[in-house]
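You will see chain A twice below: alongside chain B first, and alongside chain C after that.
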Partner chain A sequence: MKGNHSGTVRTGRKWRLTSEDLWGYAFIAVAMIVFCVFTVYPVISAFFTSFEEYKPLGSTFVALENYKTTFTNDLFYKSVWNTLVYTVFTVPLSLCISFLVAIMILPFSRKVQSVFKSLYYLPAVASGVALSVVWLWIYDPLPTGLLNSLLSVFGIDNVNWLGSSRTAMFSLILMALLAGHGTQIIIYLAALLGVPNSLFEAADLDGATFLQKLWYIVIPLVKPTTLFLLVTGIIGSFQVFMNAYMMTGGGPDNATTMVGLLIFNNAFKYSDYGLACAQALVLAVVIAAVSLLQFKLMGEDVEY
Partner chain B sequence: MKKLLSVLVAAALTVTMLAACGGSGSSSAGGSAAASASGTAAEAPDTITMLLPPVSTTYQDQLSVWAEEFNAMYPNLTLEFENASWEDYKDKLDVQINAGTPPDIAFVEYDRVGTLADSGLMVDISTLISDEELADFDESALEFYRLDEGLYGLPVYISVQCLGGNKAMMEEAGIDWQSVQQNGWTFEEFREAIKAGATDDHYGFIFACAGVTAADYLNIMVKNAGMPAPFDEDLKFAYTSQNFLELLKCLRQIIDDGSTPAEMGSVDAGKRWNMFLTGQTMIFGKGLANFEGLAAENNAKLAADDGTAVEGSIETEYVVLPVPTFFGEAQQAQGSAGGYSMFRTVEEPDPVHQANVMKALYFMASGERAAFTCNELYLSGLSESARTAMAEIENEVPRNENNANAMALLTEQAAPARPDIPAEKTAQATRLMDEVIVPKFQALLAGETTPEEMYEAVCQAAIETFGEDGVVQD
Partner chain C sequence: MSGLYSQHLNRPWLRTVRNGLISLVLIALAVATLFPIYYMIVSSFGAPVEAGGASYSLFPTTLTLDSYKFFFDFSPYSARWLLNSLVVGLVTVLGNVVFAGLAGYAFAKIRFKGKRFLFYALLCAMMIPYQVTQVPLYMLMVNQLHLSNTYAALVAPTFVTAYNVFLCKQFMSSLPTEIIECAKIEGCNQLQIYLKIIMPLSKTVLAVMAILTFMNSWNNFFWPFLVTSKDYMQTIQVGLKNFKFANTTYFAPMMAGATISALPMFILFFSLQKYFLEGVTIGAVKG
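The block that comes next holds the complex of A and B.
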């Protein structure tokens, strides 16, 4: 942003704030203070804590010990791998489902669209804990369980959904895929409504099929939205915690221990805040690297 | 540049997840310290804060009554309660401790004493409690709250974790449950009993093992296999002994027998209680003394055709059963002590305030308060004053004498507290349990690993943690 655009007058090497600038800063002051207190300060504080053995009555400086513990801990690597598997399956599939649903809703009138948007957004309003309880009921491991009863109709043997390391991760992924795409659908729908009708009319004149219109018009034009949802989806997925905490506790055999759960356990179960902060910072670096990679690969021709 | 900025902000938001981690030692003191600062004289008004879970059925409803009684005894002192659910209170307490502002008193189970004392904010009350107050408590019960030379709390109850049975089903399976209550049973006898009790309609045995509750199953069984604590008397880690391997084989055997469901690793505490009430299992774990009352309550609802009875439940009579013993070892029941501990903030403690807190601590852990709590939990009092008060209580529903005797016997046979185990070793063993033993045990229950593989993994992790000389090698 150039200086004169913001109303700031540049004279030589000095910046002079106009009253318009001051009003601008006044309006964003609350947000900035909240951001500094609840984001900037904790991040800086977490950075310093990661070099300490934290104790309420006085921490001990341990240099890189917490990072050393992190990188020599098999469970950390296993939790990163689990998180990666969860992310790879949930994020792209979730985007595809949301996009398809948005495409299917698009032809309806605004009122009908609103009804569908509300319905799909409904799970987001429910608390994660309540949803987990419902899913625990669905995944009841005994033959009398809901999903197992349904499968038995088709002659499929009883499945120990959350109790077996072969199916526990799949169960969490399935839950994530079916639990709610409301926000993504709403964002995709807004993006789809922004695609100019003239492009579709021109495509119709050229005799383009539905799939051709989708491939050559819709997908390129909603690419900024897709990139946004992909980046935020991956960030959210890397931080996944609630599903594993509520549904499996990380088990069985640590098959569903995600990085978020590991960090939580270190901080709040073992009170090892230094190690938890070190792991959180490593996770932040990993997320930043993945996000950068996404921008590099997909964001060259994207403008916001 | 804008993209880079976006990425950095995204990363920053990630770290915010641990926002509360970086508290500095200069956190302000809690309300209690502020209250005490207002007056240093013994008669100055003071507020004592407490963080409490629902210890028994109507415990939290009773708190306001006790607060009034305490205030009548000490007019300058006020009790202020913060109630929390069982699920929340541990996390709440940990967060408050790590922020440097814990409550003055919290309900603490004995197995957390080492960890909490390590924070430096749990107060050693051995110099604050009077000899008369101390003499009120059973010495063996106080041991649960001792660490090195210090005393870090006053116990209210010792709850024995055992098994529970459906009387009618056991009699139908030809099990002499009264003899089992009085004489205990070996694993072989238990195995035959649950085989006999398993039918097309119900399992012989179920234990809640979902998630972290798998640790309960192992902890209860391992005590009767010659390992009453994770460390032997020489402070060597015990779960590397051959007995541990043999125990794992036994626990796998009963799943392979078909006496217990193969999906036991996913059965949570609520489900196992539901299975007992609906007649889906003959024996279940873990059982607690007060389940007798809960079962009786449901029976009463069924009799009154009350819609709030558990759906599909049948009339059940709850029978207290001991955990079987393994390899000829003696019964060493899993006793879990619960009581109150005192905390300080990061500010220098005020002696007058601490003396006031001590009054409240003793008040809550003794006399009618302890009697009320123990009675609701179907447990015996641990102090003379509590037992005296309990004798005055008349219960509307008479207690089952057989169960009461069985529970008293198991309490006598409870594995003793081990205050000699250093907090650091306890913390290491807890992490080993959570990160290796329980996950592997879950895999064993699911049939995805063998007892031998699990034992090998446990030995390897234990040696990594404690060294070859720090583990039992037989």
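The block that comes next holds the complex of A and C.
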């Protein structure tokens, strides 16, 4: 932003639009119309809908009733708990795996690196529906199912993976951990390649070991990346919907009902739009809080 | 070559052994990651019989395309689902490349009143979870505008996304302002500048954006599922879901369906790997 030609703009600043202004508005017009109709309007509408009870012939204003229902509903707390369990087990572990894989890819040449990047990224290209279908069969409860027959080799008894409330959540977590971390690995690798070599050379002169270099140089320097991935991971995990919807339907006994599925069911299964909007807004506030926390943490971390 | 690892300059064999061991671990992990996809493709060549359960064979015992035929015979519109996904994807890509590109340039280089405010509004929008907008959007499209089962409904909400505007803005901000000033002195207007100078310079970022947009559109399930109740307007992902819930015991055909839905993306990925991988990091820079 160089201010040397801002004088021409300043003269007409008050009300007159310069031709620059008009070009600007023309260029953003379509984007802004789409943005207003499909994001701004729905958000405002969601806010008002959350205070209403939806009826096909005109909704009625019910004040905070939907929020009261939300916070007194056992299923809501159960779904929040399930979402938290899912998040706590998938996000940090997946970050660790991605970091370790990226570290292992690092010593190879660019060519080999991109081969590994492609291999690990490939599952991310397939749709969630397709992957859910495949995992559904991997978890086939019959003894001929893939995972069961694999484990029977080790003498482990038949497990009804998705059908038992004891293992259903575990199964979804295991799937998330095995289904690939391509995106995170690639982002970590980019961050690792950005660590200046001079730091390692200096450390070598001091006789630092591999683990010391990892602990004192690499981990602090990729901390912003870790935070970024942590927060995007948490946000994504809070919104998880596909696996529960496709594989367990939230069951058994709501053991895998997560917030995303709960909102979906309230809206599109029971047509309780008001309640769904109220719950979605609660989710949005939680996500905003997590994002703000990230900005605070990132802000402290900018200088190193 | 990163300095994190010791070069073992005096003992090069040690480096070879170390790298060999690491690559073994990496290959083992890659096999685990890719296994579901391998299993999906291999099993899709099985016979379309109502199996008592899944086949646990890791190698194809039969090689028949009957399961694919079974999937396509499931609905008279099975092939159209693919066409619908393609049309929706292409139109979405076109909208984003043209209009997110223009908006990105405006936010990066044109001085207009209210720019900062509008841009921050866009940024905030990216943090809103889709659950918030989904219900009102559904009510708007289906109940008020009566657009269910139309391409318009499938495309419109993602015709220009805030994320893509942000992506273009980030890249175009890095282009030198001097060339724009020169072009202005030469008598170019902003549209000419964009078409003749900025677009050619932004080819890569626009290509990356086009590919990621197409992939997201192709793999999108939630929205097409909400606005299509008629078979003939559904996309392949919604069709696959229908197939799954209608034929819960047909193992091989389900795998064939999953393969059909994923294969176009695999082909695209292998032919345009560079852009895919670049896209992952472009989005993460500056978070």
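As a working rule, the second predicted complex is superposed on the first by the 251 of 304 C-alpha atoms of A that agree within 3 Å, B and C clash if a C-alpha of one lies under 4 Å from a C-alpha of the other, contacts with A are read in each partner's own complex, and residues count from 1 in each chain.
Convention: a residue touches a chain if its C-beta (ideal position, glycine included) is under 8 Å from a C-beta of that chain, and two chains touch if they have at least 3 such contacts.
Quick caveat, the model's predicted, so the values are computed rather than measured.
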Room on chain A for both chain B and chain C (clash or fit) = clash
Which superposed partner A:G250 touches (first chain B, second chain C, both, neither) | first
Which of chain B and chain C A:K269 touches, first, second, both or neither = first
First (chain B), second (chain C), both or neither touched by A:A284 | both
Return first, second, both or neither, reflecting whether A:L174 touches chain B, chain C, both chains, or no partner chain.
-> neither
Which holds for A:S59: it touches chain B only (first), chain C only (second), both, or neither?
-> first
Partner chain(s) touched by A:M258 [first = chain B, second = chain C, both, neither] | neither
Give one of first, second, both or neither to describe whether A:T183 is in contact with chain B, with chain C, with both, or with none.
-> second
Comparison of chain B and chain C by chain A residues contacted = C
Which of chain B and chain C A:W161 touches, first, second, both or neither = first
Would you check which partner chain A:V125 touches, where first means chain B only, second means chain C only, and both and neither mean what they say?
-> second
Of the residues on chain A, which ones does chain B touch that chain C also touches?
-> 38-40, 42-43, 45-46, 49, 136, 140, 142, 235, 238-239, 260, 263, 267-268, 273, 276-277, 280-281, 283-284, 287-288, 291
The chain B residues in contact with chain A across the complex are 2-4, 6-8, 10-25, 27, 91, 94-95, 97-100, 115, 118-121, 210-212, 214, 261-268, 271, 346, 427, 430-431, 434-435, 438-440, 442-443, 445-446, 448-449
Interface residues, chain A side, partner chain B - complex | 38-40, 42-49, 54-59, 75, 136, 139-142, 158, 160-166, 231, 235, 238-239, 248-254, 260, 263, 265, 267-271, 273, 276-277, 280-281, 283-285, 287-288, 291-292, 295, 299, 304
In the complex, chain C touches chain A at residues 1-6, 18-19, 22-23, 25-26, 29-30, 32-34, 36-37, 39-40, 43, 52-56, 95, 99-100, 102-103, 105-107, 110-113, 115, 118, 121-122, 125, 127-140, 156-157, 159-160, 162, 165, 177, 181, 189-191, 194, 215, 218-219, 221-222, 226, 237, 240-241, 244, 251, 254-255, 257-259, 261-262, 265-266, 268-269, 273, 276-277, 280-281, 284, 287
Touch list for chain A against partner chain C, complex | 2, 5-6, 9, 17, 20-25, 27-28, 30-32, 34-35, 37-43, 45-46, 49, 101, 103-109, 112, 114, 116-123, 125-131, 133-138, 140, 142-146, 149-150, 178-183, 186-187, 190, 192-193, 195, 197, 199-201, 204, 210, 213-214, 217-218, 224-225, 228, 232, 235, 238-239, 241-242, 246, 260, 263-264, 267-268, 273, 276-277, 279-281, 283-284, 287-288, 291, 298
